[in-house]
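Presented sequentially are two complexes of chain A, the first with chain B as partner and the second with chain C.
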Partner chain A sequence: MAVAGGGSRSAKQANRLVYLLLAYPGGMLVVFFLVPLIMLVVFSVYRNIPGGGWETAFTWDNYVRAFERGLYRDRLVFTLQLSALTALICLAMGYPFTYYLARRASPLVRRIGLAATISTLWLTYVVRSYAWSVLLSSTSGIGRLLFWLGLTERPVGYAPGYVATLIGMVYAFLPFMILSLYGSLRAVDPSMEEASMNLGARPWRTFWHVVLPLSWPGAASGTLLVFLLAMGNYVVPSILGQPAQWTMPVIITNQVMYESNVPFGAAISVVLMAVLGLVLFAAGKLLGAARMNPYPGRRDS
Partner chain B sequence: MANAGPRPAPSRPGNGEDMGAGIGPVLERPSRRRWPDPSLALVGTTFWVVLAFIVVPLGVLAAVSVHPGRFMTFPPQGFSLRWYQTLLTSSQWLEAIRNSLVVALGSAVLATSIALVLALVLDRYPVRFGEYMRRLGMMPLFLPPVIMGVAFVAFFYEIGFSGRIENLIIAHGIFNAPFPLLLISSGLSKVNRELEESAMNLGARPATVLRTVTLPLIRADVFAGVLFAFLLSLNEYIVAFLVSGFTVVTLPIEIFSSLRYSFSPVIAAASVLFIAGTGFLVWLADRLAGGLWD
Partner chain C sequence: MSQVDLVEVTKTFPGGVKAVDGVSLTVRQGEFLTLLGPSGCGKTTSLRMIAGFEQPDAGRVLIGGRDVTRVPPYERDTGMVFQSLALFPHMSVLDNVLYGLRMRGVSRTEAERRAREMLALVQLSGYEHRRPHQLSGGQRQRVAFARALAVNPSIFLLDEPFAALDAKIRDELQVELRRLQQRVGITTVFVTHNQREAMTLSDRIAVMRDGRIEQIGSPQEIYEDPATVFVAGFVGMTNLFRGHVVERAGRRVRVKTEEGFVVEAELGAGTGNGASKDSAAAGDVAPGKPVTVSVRPESVRLEPRDQDARGGSPAGVDPSGGGQGGIPVTVDLIRFVGELIEYHLYTPGGQEIIGTYQRGQRTLSMGQGGAAIVRFDPKEARVLWR
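On to the complex of A and B.
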């Protein structure tokens, strides 16, 4: 504002300039983001022509198919269950890890832990799932190790399958959980722990009544984040799962890419989006109370 | 004069360059003494086990990639770089690497240019339309990539322009814009307004102030934005796969489709190159942005 300054005439000129400048990002976002999202919804009521192509129409058939066929309901329920389980396992593994990382580890160990977490966070899901398909295959990795140790009769392969999918999902999203927790665990003031202990509380009691409540927002947002990411992931279940482990994104992609049924793919995308919206809304209501910052200075993650 | 702009916060804990400074000693003194050893040992063991869980799979990939045989085995029998040679001489893999780099670079420039203009304008003139645009620009962060991919497919089909590399650049440019937008906005909020005002008071025109004062101050954030968008695009699979419609093959797509047909160590070699490249870029971005995670 201070920079704008000057009389009303130059202010008006500046105003025009602002809209001129905003035309570039605004135009790009409207044309290449808002319009495609609208097209997604529009396509979901188009009619598919078997064998490729579609015709402009207004039909609810795609939605009827999505809800009538038990297959898609099953897949949706499976996706919700797998994502919820992934989020819980990530929390169970991530919390002690991050607690140690943020509050107990020496600076060097903390640096190593953070570097490992952050650099795997960005690594493509394709390579990370592939790593587990190697580790869980019968020719290399764990199955072979067990055979070599004489624990199994012959090398057993665990991928693809449910266990492999679950491990791959946890592996893919654990770094997001760790980074969500890290900020809030790091920000708990040590003097609070000290005060609690000076007042005679045992360490476990201190953890339970001081650290845990203060880190709760990070844990909640991390769990929600992992859940939402898992709901939308295509790569992990399609590399590490069999058709029984395919989640909604796999079904959607198969419709669009291999069945050439873009209208139906769009319709189940809209359904998935609506489910995610509901989850976000419910979580927002549920966490509403926790969002009140219990401790000033805490970093929002 | 009017100093309404946010000042740099006076030494927030845990925000500095030294990760351990400030809290470390205070934290460790009471805990070492009072925390019962068994439970701390349990937490410490869990830490190392989880760390191994994160690191070991990637180490195994590296080990597999130097195995000389046609099929992957672990532990590798021997050492050979032949799969790296195959990777870097096969026209198929080179094409995928080239496409990946073109898409990543193009989309990073696109994403950062959108973010930079939007953030700069909104920083000075918070008009309502711009705020809506900012929210729109942040939305890809909350949308599953597969849904964005299908939206782009529908859009590019409808305008009759599908299966081109430009589509990937646009899709990734929009999809990754939130990251430079966040980085540049936060960089701008830390700029000391008095510097810009002094330049104005000394008679510099707004464009000159922008070029000689503001942009140099946020240069690191802009570069970090470009790097992150580049990194994300390089690693992105599903949007690229959907938008490309089998015509443009990027490196993750090539790795994925090779997985369906073979189990050759070449894939492991490609993955190791990927891990090394990603690790380097993360390190670089972290250096540029001055410790993003602590």
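On to the complex of A and C.
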């Protein structure tokens, strides 16, 4: 009896311990994720009082405004386009570089390359964006260099503007692409390439048929990651862009910080999140299908 | 189906490791040759130089008489099975086997016919559309065989393909590999550190050590006529007695062991073949020279011995030499190993000797702790350089 009772008590204690352990991540999730999300949704149906503050209400007005005004729809489309372009440029620039770093470079070069990549993340976006705005202005840096080289007729300033915004975005997020690709390119066993060559495939065909498909998960997740980071960034477009380059996060910040219209800011945030959710869902479907069948059009599997 | 020649091939890796050191070797047409040796002796590097994945610093590689030393791997026409197998995980079994054929520009229908034929040959019909990770270890192995052989290469190369498999499947696949190799009749170079595997599979074995070849010969030659102490110890179990030559008459040599017992042994054919700098050139074996005598456990014969007072000279043995007195021992342990009975014996000086008998071949009256005398037929004992 005593033994059995003791056993069940210690079992109960173990149970309590498990609950305690689960409470930690659970609590984190609630405090940092669920509560802010609910607040966001709740605020988005409140009514704004022009000139300051808001009042509790249940109104769709904020959403109606977000969809009726062409301005916000255009900004959303622009943000999606800019982010997608950023992600694709990062992929196009990052892949060859990372391929070299991960599969061809000596260990020393590899270490230097990785260190350089990571070190660009030590400075905040703010500092790096201002640095680019100087480099890309008409009075100094790259514009002058191009002029001096005789490539342009006069010093051209790119910042603020679309080109500067894009460059700033690519520069800010390229390291994430490289790090994401690096893992999956390192993971491709060199004997895969050797097996391919042993079977008669030249280096290019080996790359195309073996290395590229096997590194595809890293490329896909890197592209998605950069896309999401770009969608959420407000520092780069607000420093390097003109109003025409402002993305949704800039618009939201303006609404909340400068217009003091918290309910409307919340509403467009909810819309942005919904769109991102859809994009993620579609991407997940696509990637899932790709993993099942990395050779589209082949009849196997 | 071609011959492979390595001519004075040397490979030093950056960092100074001399992985292969002046290896010359001819693999005959249709032959199954095994590179055998301990880990790190340069087997894989040698194989990779035949496949074209490593460039020798010196020497030449010939396939079918053609110098391919500077020919890239995709133009060498070898079929390789990698230690990790290196099956393409993103392709089906069929696509894996098709790969080489497609890379050589064989039409889709013809390639598929050939690939299915190969899969049938390795008994994997019906598995065409599986992915490698959906197969068992043994099945994956067979896909690797089929993929390497589908392109009808002139040379078949295998790097420890069975190392990761358990004993039963390994045995089955060894039989299957040998059957496959003989059916296709392809020149094969097989790499392993497992001497039993080498013995059961090979036409000839090249025993390697520290980047050099110690001896090349048939499994029987290697076993019965090891050229060096290293080969004797690496291929099969053996008992080694260090000593000095007392007397020599033709091939027959009388040796006084370090413990002072006199034994007789013969120079083997392998001893004088000069395959290695370490092998004894027959002419050099003369009285006073330091040598080692190698006796296989199955050549050890045990006779009962009366146990005298401790410390005294064992009965019937003349420790000062001069005759075939044998070596007095005590029985330390008797083990039954499958069909063999294994005796672990100790000499007065503490050297362990192992002797084996076929079960039922003979029963010995002595048990553990008993006294015995070890004798052997000089014809079955080999004199080797130290």
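Here is the rule we go by: the second predicted complex is superposed on the first by the 255 of 301 C-alpha atoms of A that agree within 3 Å, B and C clash if a C-alpha of one lies under 4 Å from a C-alpha of the other, contacts with A are read in each partner's own complex, and residues count from 1 in each chain.
Here, a contact is a pair of C-beta atoms (placed from the backbone, for glycine too) under 8 Å apart; a residue touches a chain by one contact, two chains touch by 3 or more.
The model shown is predicted, which means the values in this text are computed figures rather than measured ones.
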Quiz item: Residues of chain A touched: more by chain B or chain C?
Solution: B
Quiz prompt | Partner chain(s) touched by A:F32 [first = chain B, second = chain C, both, neither] | solution = first
Self-check item: Partner chain(s) touched by A:L214 [first = chain B, second = chain C, both, neither]
Solution: second
Quiz item: Where does A:F281 make contact in the superposed view: on chain B (first), on chain C (second), on both, or on neither?
Solution: neither
Exercise. Once the structures are superposed on A, label A:R205 by its partner contacts, choosing first (chain B), second (chain C), both or neither.
Key: second
Quiz item: When the two structures are overlaid on chain A, which partner does A:F97 contact: first (chain B), second (chain C), both, or neither?
Solution: first
Quiz item: Is A:M192 in contact with chain B, with chain C, with both, or with neither (first, second, both, neither)?
Solution: second
Quiz item: Which residues form the common part of the chain A surface touched by chain B and by chain C?
Solution: 191, 194, 197
Practice problem: Please give the residue numbers of chain C that touch chain A in the complex, ascending. | Solution: 51-53, 72-75, 77-80, 82-84, 86-92, 94-95, 99-100, 103-104, 129, 131, 147-148, 151
Quiz item: If you look only at chain B, which of its residues touch chain A in the complex?
Solution: 1-2, 4-5, 12-14, 18-20, 23-24, 26-28, 30-31, 34-36, 39-40, 42-44, 46-47, 50-51, 53-58, 60-61, 64, 71-74, 110, 113-115, 117-118, 120-121, 124-125, 127, 129-130, 133, 136-137, 139-140, 142-155, 157-158, 170-171, 173-174, 177, 193, 196-197, 200, 206, 209, 231-232, 234-238, 241-242, 245-246, 252, 255-256, 259, 263, 267-268, 271, 274-275, 278-279, 281-283, 286, 293-294
Practice problem: Name, in rising order, each residue of chain A that touches chain B in their complex. | Solution: 1-5, 14-15, 18-19, 21-22, 24-26, 28-30, 32-37, 39-40, 42-43, 93-94, 96-97, 99-101, 103-107, 110-114, 116-120, 122-128, 130-135, 137, 139-141, 144, 171, 174-175, 179, 182, 186-187, 190-191, 193-194, 197, 203-204, 228, 231-235, 239, 249, 252-253, 256-257, 262, 265-266, 269, 272-273, 276, 280, 297, 299
Quiz item: What part of chain A is in contact with chain C in the complex they form?
Solution: 189, 191-192, 194-202, 205, 209-210, 213-214, 294-295, 298, 300-301
